[in-house]
């Protein structure tokens, strides 16, 4: 039966996160440790300790491994509330890529792998990286073009290749490496995922890229894999099934992005509304100019639609479905609608919007990335069109 | 608890309407009695008889007055399914303005008024008009500018003025007239609604307008009120509360528009998808051109979002709330998104899209009106902005 | 040297057309002979006589054949002024498809063909059709898919096939048929164009289509070619070069569409501005609502840009260049920008916009077709992208 | 007579600037002296020396004062070519705000003022600031709200107030201060402009703002005026006519913005085209995906339109007209169209687009500011609507 009211428990969690973010996290937004390559690990550790003290760390992880075992709908309300500050998700240990990596390990890893990797991650004691994307001509939006290779080496594997735009690489303690795998006979047996502690010999962060966005701890880096050695038990799940696991990770990871950005867009909107109610121009409050009021009305509609799309997809995932189509739609709808929100907020703020005196400037830059990260809109539209064709 | 699954009963009703529309209604789409001023009353009567036979007539009316007493969510699924043919809502007696008028009577009328007006309406034996809009300088989007006047006359009232864009006037048997009301002392005591049987002396359909849309029986007309006399019991509800009742009618009426148009847009999309899968151009199926596939993907997202917005608002109304904000948002979101859908479908069909050889051309024209009827987007944005200001 | 001022002669011609259209043509806009399939031939003849009397008939035709030999820039100013009424181009004999057909004959036909076909066309005594487009699976946007065939027959040809969306077929006296041509050996030797007087045995207008637009005399028809016989001298230019001549016709024809629609959009804009200055809503003139004022400002920018794009392309053509890229850009820019103008005007007019009480409703419907006729936007974007690739 | 061909001299200047920018300026784009607050003065000086050596410094200044006396159309071609590198305008001393300040001095200043201020500016030996914008509740988009005050003090003036978003303040040697002026009697006699050498007692750069854009030397700063003393001959033009002079400066300054950004957008487009021709995805070059090809086609149309709008407005200004309406239209058209270009380029580049590995990321950030600086789009639309109303 159609119902748009979260459970009492979900509402209580939402309220807890909201007040936590407002009271404890937002004050850190003026902290100088927010660098062009993201908050420093030092700042991150301080924030994580706050969430741990509040009992709000890693809610998405299984209860057995230190989390709350929150389902997708519960994540929807908590992550949105967390995203209200760009520092919220880092604080609660639910930022990309760690959140998705934990989800993947929770679903696919052996008990031993969980003990070794998931436990410290869930406790916020380590950060992790997901090494999939490659520089041209390797795997960008098209994972099939992967060039990194893993070849058998004793009872383990040796991995070589180049990765690129690897979020959080600088300072990470755990890596998940995606590589095209070959058997003893040199036959390509499909892509596999390999776990590795970091730092590791044979894996080098060659460069942290300067990027428009600046909210991920460690930034985005170029990584050289030059004979990285991993043991046989480093394989996550089965050899050759890397793309299948990537799917396990990607659909929900795509959706949690939507949840977090939804909160960020709401923040930008609240700032713009506050400004429009106060600032006067040409003899009247900004908000009384229809040119401004209409932008704010459009924001409310875009936020409303995005929230509905997120909730719907979360519900689909909670029913145990793959949700490929729904998460593609949610990704495109949210990334484009929320970006429009940020863009309008910036415009409403005028010159002020271009400055870092409000969080809007930062939210705008981050949301620009959201239209590209985890699959550009074009790739999702292409995928949706293919589904229409087959139907 | 968040749930996106309609009840079993709702799903069964949806399925019944879907097969009814496909099997019984769509064959009438090539009927020449679909004129530039809408389907003739003759065609309407034939269609209504079909719905009556199927037990699908007037589902929105209270059970006591001949309907199913369907709540807003139940209407959401049934009306969308009905709208899949532009003839569906007329067939099931849930087209504007009758559907909203019945809803209004159901909520506000006395038993005697219901017996006299609601009963034949619900039975599909009569059509009705809602006489509110006036030509310039009267009440257009701004009801406050109303010029039509009702003045005391014996134990009744005499009404004079001009109405315009009155949907279904030609052939209607029942009228609801909105007029600025004056007391014996000549004091303006607010707007009131008056019931009148039709035809009536003092009320003349002076002209049926040629309009872009052509799906409302009776078309849209100009009506002259020149001393229309009504009894004291003709007042709907209380004297002077006309705008309040207009609100009772408008928010749900706005939403049922969204429901019906949603079905129409889905129809256009299905036609465009079918065409794109078959038609070849430049050596490949149309759907394999990204330029076309992306448009169809956007359609699916716009339809998805519109459906979520409708369901959400229906749920709000079912909770007993006024839903002013939610219905304004749903109206703007749906009218603009579904219009984009129709526009893209027409473009995908190319030259064929401009012809009446498919229903897309008609759906496009009707949806253009949807962005204006029941409040242009601009009025809703303005109203949303005012709410943001006050918050 | 960059100059944006038309010559004195061009300005004088523009002024003449403007006053002619306002004084003589616009009064006919309420003529009931404007049917759903275009103005009747009777109305057309009456209008053409007016232009002849005014010395404004067929200005684009060579002076030797009854016109003024107007260059592209001169056409730009005259055709825009003519398009200010949807009846203007018909009146001045510069409407599609006749205008383009005359241009083609002027460029390619033999003296004898000109005497036989161009002369009566230029004098406004006959209308013509261009039979290229075919129903699926034939030549739609992709002329390469043409299925109509011409085969040798004595010293002439016999042509069979089906054409579709043939503008002005009903009542036309001259036809230009495009057909895939075969030699005696049955070898495909390319497409050719054939002239034929009409009516003709073997060519049948099987149906006039109902379409959204309604401004072309004769409407758009389906035509059956079943053994149409033409003489050897019926070939326009050389056998097998039909596509080359189609290009000669298409680039300028595309641009004259832009010129005429520009005038129509200007008309819609003037109507909307007039309405917005007069109509009050919520206590103030519509134009004082930024929501309306901004739409009108956007109209002015879209009209400004369209005019610049037309002028630029006309200048390129006047330099003797093919202008394929420029005319594709002008077609997409103008069709989309001018459509937006019409759409905004309709929205500004509100309910009035949906009625035929102003010309805006009609202009909107016609402009919707403009985004498809003479190559949908998608085909032009595709062609522009191919040029970018090659560069 | 309409002509779209620049003069031979203009074409030669364009070619000279193009090769200068490519050969001499672009190599500096990887210089680490490009900071978050713009290129350092050190880097600027090095670049300016290059332009001086090439004879391409300050072409817009009168010949008598060290420039070429380039008219608006000549500026159009030179500035666009210069903008092809974000460092080009700084190199050629035609960046904001210096370019507009020199233009203002050239038009309004006394010979003595020109000798003292224009000469070193034109020689590239000094940078200048235009102190107009104020923090809330002062003069933002609405100059009428100005709060800074100048009061008589001996034979000069004392100025106090706060300025904000003052471009290039850090390191500037010359200031133009806009202030509301009072006479001896304390009467407000209108706004005036005052020249001042910098640094100066009573004028303090209190903070350089962190902003999204980063291409202006000195960045954007907050400036405190606390009893700044200027002599009587410091007044630019006449007392009380400050807004009139602001207009002298603003329309052309607005247009030169368009010229420079046009070059920048062209650069972004060229980068995106190059990438799309090389990068493969899903088995084919990016450019062969219509989803990408259409974006690039749209870029070409947006660039084409922007160039035509710039040329048209430059021509209007060269005719000696004020060009208020034309420059407003050009500002809105260019800022929005060129921003769309940058946005599409970034999207085509995917993850790479978010990095500083190409200039696109920077161009995107700068162009976002362009939609706000020198009047946000909304203020120009508002002004255009007012003109429509009056017409």
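Each chain gets a letter, A, B, C and D, in the order it is written, and its residues are counted from 1.
Keep in mind that, in the parts below, a residue touches a chain if its C-beta (ideal position, glycine included) is under 8 Å from a C-beta of that chain, and two chains touch if they have at least 3 such contacts.
Keep in mind that what you see is a predicted model, and the values were worked out from it rather than measured.
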| item | value |
| --- | --- |
| Shortest path length from chain B to chain D (each step joins two touching chains) | 1 |
| Chain whose average C-alpha position is farthest from chain A's own | C |
| Geometric centre distance via CA averages, chain C-chain A, whole Å | 52 |
| Chain centre separation in whole Å, for chain B relative to chain A (CA means) | 43 |
| Chain A and chain D: spacing of chain centres that average the CA atoms, whole Å | 37 |
| Contacts with two or more other chains, residues of chain D listed in rising order | 289-292, 294, 378, 381-382 |
| Chain C partner contacts - residues on chain A that touch it in the complex | 289-291, 294 |
| Touching residues (chain side chain A, partner chain D) in the complex | 36, 133, 136-137, 140-142, 144-145, 164-165, 209-213, 220, 278-282, 289, 291-292, 346-347, 350-357, 361, 364-365, 368-369, 371-373, 376-378, 381-382 |
| Chain D partner contacts - residues on chain C that touch it in the complex | 1-7, 73, 273, 277, 285, 287-288, 290, 292-294, 296-298, 300-301, 304-305, 308-309, 311-312, 314-316, 329, 332-333, 378, 380-382, 384-386, 388-389, 391 |
